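Here subunit A shows up in two complexes: once beside subunit B, once beside subunit C.
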Partner chain A sequence: MRFIRRNLLGLIAILVLVYLFIPIAVVAILSFNNPTGKFNLAWTQFSTDAWTNLCGVPGVCSSFVTSIQIGIIATIVATALGTMIAFALVRYRFRGRSTTNLLIFLPMATPEVVMGSSLLALFLNLRFPLGQWTVVIAHIMFIISFVVVTVKARLQGLDPRLEEAARDLYANPRATFRYVTLPLVTPGIAGAALLGFSLSFDDFIISYFNAGTLVTFPIFIWGAAQRGIPVQVNALATLVFIIALLIVLGSQLVNYRRRRKLMSV
Partner chain B sequence: MSPILVAEPAKPVVVAQRRSRTGYILLFPGMTWLAIFFAIPFITLFMTSLQQPVPGKIGKYQAGFELSNYANAMVEYWPQFLRSFVYAGIATLLALIIAYPLAYFIAMKGGRWRPLLLVLVIAPSFASFLLRTYAWRTILSDEGPITSFFNALHLLPDDRILNTGIAVVAGLTYNFLPFMILPLYAALEKIDPRLIEAASDLYASATTTFRKVTWPLSLPGVVAGTLLTFIPAAGDYINAELLGSTKDRMIGNVIQTNFIEFRDYPTASALSFVLMAVILVMVFTYIRRAGTEELV
Partner chain C sequence: MAGALRQVEDLHLVNLTKKFGDAAAVDDLTLTIAAGSFFALLGASGCGKTTTLRMVAGLEDPTAGTISIGAKDITNLRAFQRPVNTVFQSYALFPHLDIFENVAFGLRRRGIKDVKTPVNQMLELVELSAMARRKPTQLSGGQQQRVAVARALINEPDVLLLDEPLGALDLKLRRQMQIELKRIQNEVGTTFVHVTHDQEEAMTMADTVAIMNAGRIEQMGNPATIYELPKTVFVANFLGQSNLITGAAQGRSGDDILVSAHGQTYVVPAARSTAPGVAVIVGVRPEKITVLDAVDGHRAPDAHNKIAGRVTDVSYAGVSTQYLVRTPWDQELTVFEQNVIVGDRCSVGDEVLLHWATEHTFGLDGAQDVHAGVLPEVLDLEATASALESRGA
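Our next item is the complex of A and B:
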């Protein structure tokens, strides 16, 4: 009893973490299921069919590839545009700063359904054909703000003395940027790109409004939810989860090692 | 969605800001993109919401000034509107209660495990949002342990959780929890531990310390967290669609079906516009009353 009282906070924290992972455990466990009916909701029998035959159901893999393609294009463009804005915000003075800040903050404070529907209204009025490109345009639009905020935080955290030192050693502005600023900001940019890709890859609402007949991975899942989600979808989602987790944990480890190395110098 | 708020706390560093053309050149492409594909669509949305049907052609609309579109939409769909805000409000409150202890634990007792714990908070978002929501159909199923437990206590009005509003609120709470945890953590992490020590040195009880020191200092995080949870929850329709019944539809469902299936663009646009307006008003009054302006 005493133990519980003393560690109550820790116990609650662990419970909340477990709660966060319960649905993922369900998704992963059901990827090894062999459901009797169309619906993969209750455990029936162990099977690795979905894992050995990932593309066994028509539409699963093509939608998966579509989402990856869209994610890559949208991430590259949004990361470039967002990083440029972040540099301007931290390093330059310009007129219209508050409007700029507002225009960056608002996309993060707007419900997806509003962004999706207003963009669709624009495309409909322009008679712009819906498909891959409208989805890419939409994704770039909502990812930019997240890139700006992430890169901006990194830039603001930089020690200005490092750049001063480079200048003192007669590095010209270009060399200072190339050999000092950029390497220091790169982890921030990489983090922003990862975040951007995961936002794009998992987006449903904005995509669905602007996709026309295009089927991304989340749109495939949405359609399948009515008639039964194939087990392969669970397997693919589990795979994505594991890969993303490994990437993030790996980068954390690299960071940790680098910091330890710096401290031991 | 937004680990932005975990970003290491930026030390205020004074960097000489230059005023030159380069700043504008850096801003131009990205801001133009946001202006064309984020700001201008609100104007087209507003114009679409005022359109009138072309006589004799079903599903065709022309420019107009039909303010009655708004009145008609609100008369027909006010229950879904109200329900969206009620569901989102309950989910936000639950998320705050669930998130606070974890955020507090990571910030105050996390020590060198902090980065790893934060990864664990974000990690669930790496698995598909739709599938995680769908997984709650299994967890809350009628024969499942959770439903049986509450049924044994006769706590469920419909004898089930799935396909009721309870499931929708449970889904919303779960899905947007990281949005609550991260800003709370960011605020709690900034608190100087010496302030808390000082309180206990002055014989404040744990409860008093929390009420008078920790909670007020964490308010910026509470404000940011409630906004970041409430806004997406109010506009969400995935949870209502996958976990609720037709009686639990939220305003997002209505906007989506009217836009994509019924092609009733003016009604859907009017609803979308009102949703945005209500949320903006709430955000600004809330920020004003809570007195924090550091959201970006």
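Our next item is the complex of A and C:
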């Protein structure tokens, strides 16, 4: 009894973490499965086939590459535009500023089904051919909001005296931006870009409406789910998860090393 | 340092005014700060001292007036074009750069290629050579403060502006840094303009102190001169403490003005009075007063000003003892006495005679509010104390 009372908080924390990670663990474990039927649902036999033959199923790898391409293009454009919008909103007082602030939130609040279908209607009316570019345009549109919100938060937290100090130390406006403002806002911009990429990569609803015959990774999985998802999908999903994990761990390690080095000086 | 050999020129502020909306933060300020001096702008928060500093730095545009260094008008130069550098209140060190790069920042922006030698020299001056590769957050408050000074001074500015640079430090470190800053100023010979609300800091560090109130300078001069002879009630109360008694001039006797207050006559040297009319406030600093037990009252020199009263509080503070003495007209006077007396001190309830030499007396214009310059917190405290007292009685 006493033991439970003392460690209750820790126990609950562990249970919550388990709850969060069980789905990921299941996906990862099943990537080593060798299912008997079409559906990769029950464990039958250990196999590394999916990992050694990642592109073994037609369409898996091409859809994966398509999604990554779309993610990169959409992220770059949305991050550039969103960062500029954030600067304008934080730094300048202009007519329509508060309206803009509000409108920026709209894409986040709009249900994806509504946004996807209305975008489709727009493209059809404009006779814009559906495909990679319509998906990219749609992604840029909803990523921008997230970029603006993230970068804005970082900018608002920036001590205005740092820029004053730069001006005081002979930095003209361009140098102030280049050597003080930008480096200090970069973590916010990088965070926004990572968030934007992951949003683009796993978006299904909006992409599905506007893709035409294009198959992105989520659309491929959706289609495959009707007939049985190939094990390669589990392997690719696990791979993405591992890469993301490595990026986070890597940056932590670099920070830790740097701190250690400084302490020993 | 090369700075000591450089020709530095006076800083002139002429009719400088800054308005925020209708309120004037700085009101028609005209001031010359001598080259190479350590100048302090002293005042309560909101008196316009920081705004003045920011205008000199170029971070704030004046509404009217000019700023010049020597004959060169810098009013319309941008901050990065002025030969002026600032030590900011919270230091504003660049968190993404290490100490070396923070100090080198100004040199690099001016396109100077060899920064290594001057930066190392400067770090040596502020005794931080070992910290060159650390980030600002890894330094203590006092070290950060020294980096801020080094970062500004390395540019050999004509004027170094210090905006409450010691405000964030604890008392002991602050005293140390005061001495340190003074040493650095002596070494480099640059004009230092120091903004502070700490009167002790201003007095110990500066050659010249200007006391600011409501966007104007109340009094300016050598700290000792201002302290010994305040010219306004604000200065008398803000710089140190003063006992002020409201009275009326009765006439003259030689070089002295005779002022009567509460049925008694006080002698104020005419040269030490700024009162233009009949209404005069008689002032004396607490440490100039001697306390005598009432029975020894005859020992007070005849020529001295005297007040009889009763001790209401005694606080012993090591070097001195502070007495509060209530006068017959219910005013509380403060007296500081050096603890050099052997034997009994006066205690609460004793009838005493206060006396002081007439040459320590000063006269102020009686049209002013006697509480001008007293911190609002102190006034509140006094009001509460007297309210409690009247309830007890």
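Assume the second predicted complex is superposed on the first by the 250 of 265 C-alpha atoms of A that agree within 3 Å, B and C clash if a C-alpha of one lies under 4 Å from a C-alpha of the other, contacts with A are read in each partner's own complex, and residues count from 1 in each chain.
Here is the rule we use: a contact is a pair of C-beta atoms (placed from the backbone, for glycine too) under 8 Å apart; a residue touches a chain by one contact, two chains touch by 3 or more.
Everything numeric here is computed off the predicted structure, so don't read it as measured data.
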Partner, of subunit C and subunit B, that touches more residues belonging to subunit A: B
Subunit B versus subunit C as contact partner of A:Ile73, first or second or both or neither: neither
Which of subunit B and subunit C A:Asp159 touches, first, second, both or neither: both
Touched partner set for A:Arg167, first subunit B, second subunit C, both or neither: second
First (subunit B), second (subunit C), both or neither touched by A:Leu130: neither
Which of subunit B and subunit C A:Ala190 touches, first, second, both or neither: neither
First, second, both or neither for A:Val180, with subunit B first and subunit C second: second
Partner chain in contact with A:Val215 - subunit B first, subunit C second, else both or neither: neither
Residues of subunit A that lie at the interface with subunit B and also at the interface with subunit C: 159
Residue ranges of subunit B in contact with subunit A within the complex: 1-4, 7-8, 10-15, 17-20, 22-24, 26-27, 29-31, 33-35, 37-42, 44-45, 47-48, 98-99, 101-102, 104-106, 109, 115-117, 119-139, 141, 174, 177-178, 227-228, 231-232, 234-238, 242, 251-252, 255-256, 259-260, 265, 268-269, 272, 275-276, 279, 283, 295-296
Residues of subunit A touching subunit B in the complex: 9-10, 12-13, 16-17, 19-24, 26-27, 30, 41-42, 81-82, 84-85, 87-88, 90-94, 100-101, 103-115, 117-122, 124-125, 137-138, 140-142, 144-146, 148-150, 153-154, 156-160, 195, 198-199, 202, 204-205, 208-209, 217-218, 221-222, 225, 229, 233-234, 237-238, 240-241, 244-245, 248-249, 252, 255-256
Complex contact set, residues of subunit A against subunit C: 159, 161-162, 164-172, 175-176, 179-180, 183-184, 262, 265
Complex interface listing, subunit C residues touching subunit A: 57-59, 78-80, 84-86, 88-90, 92-96, 105-106, 109-110, 130, 133-135, 138, 151-152, 155
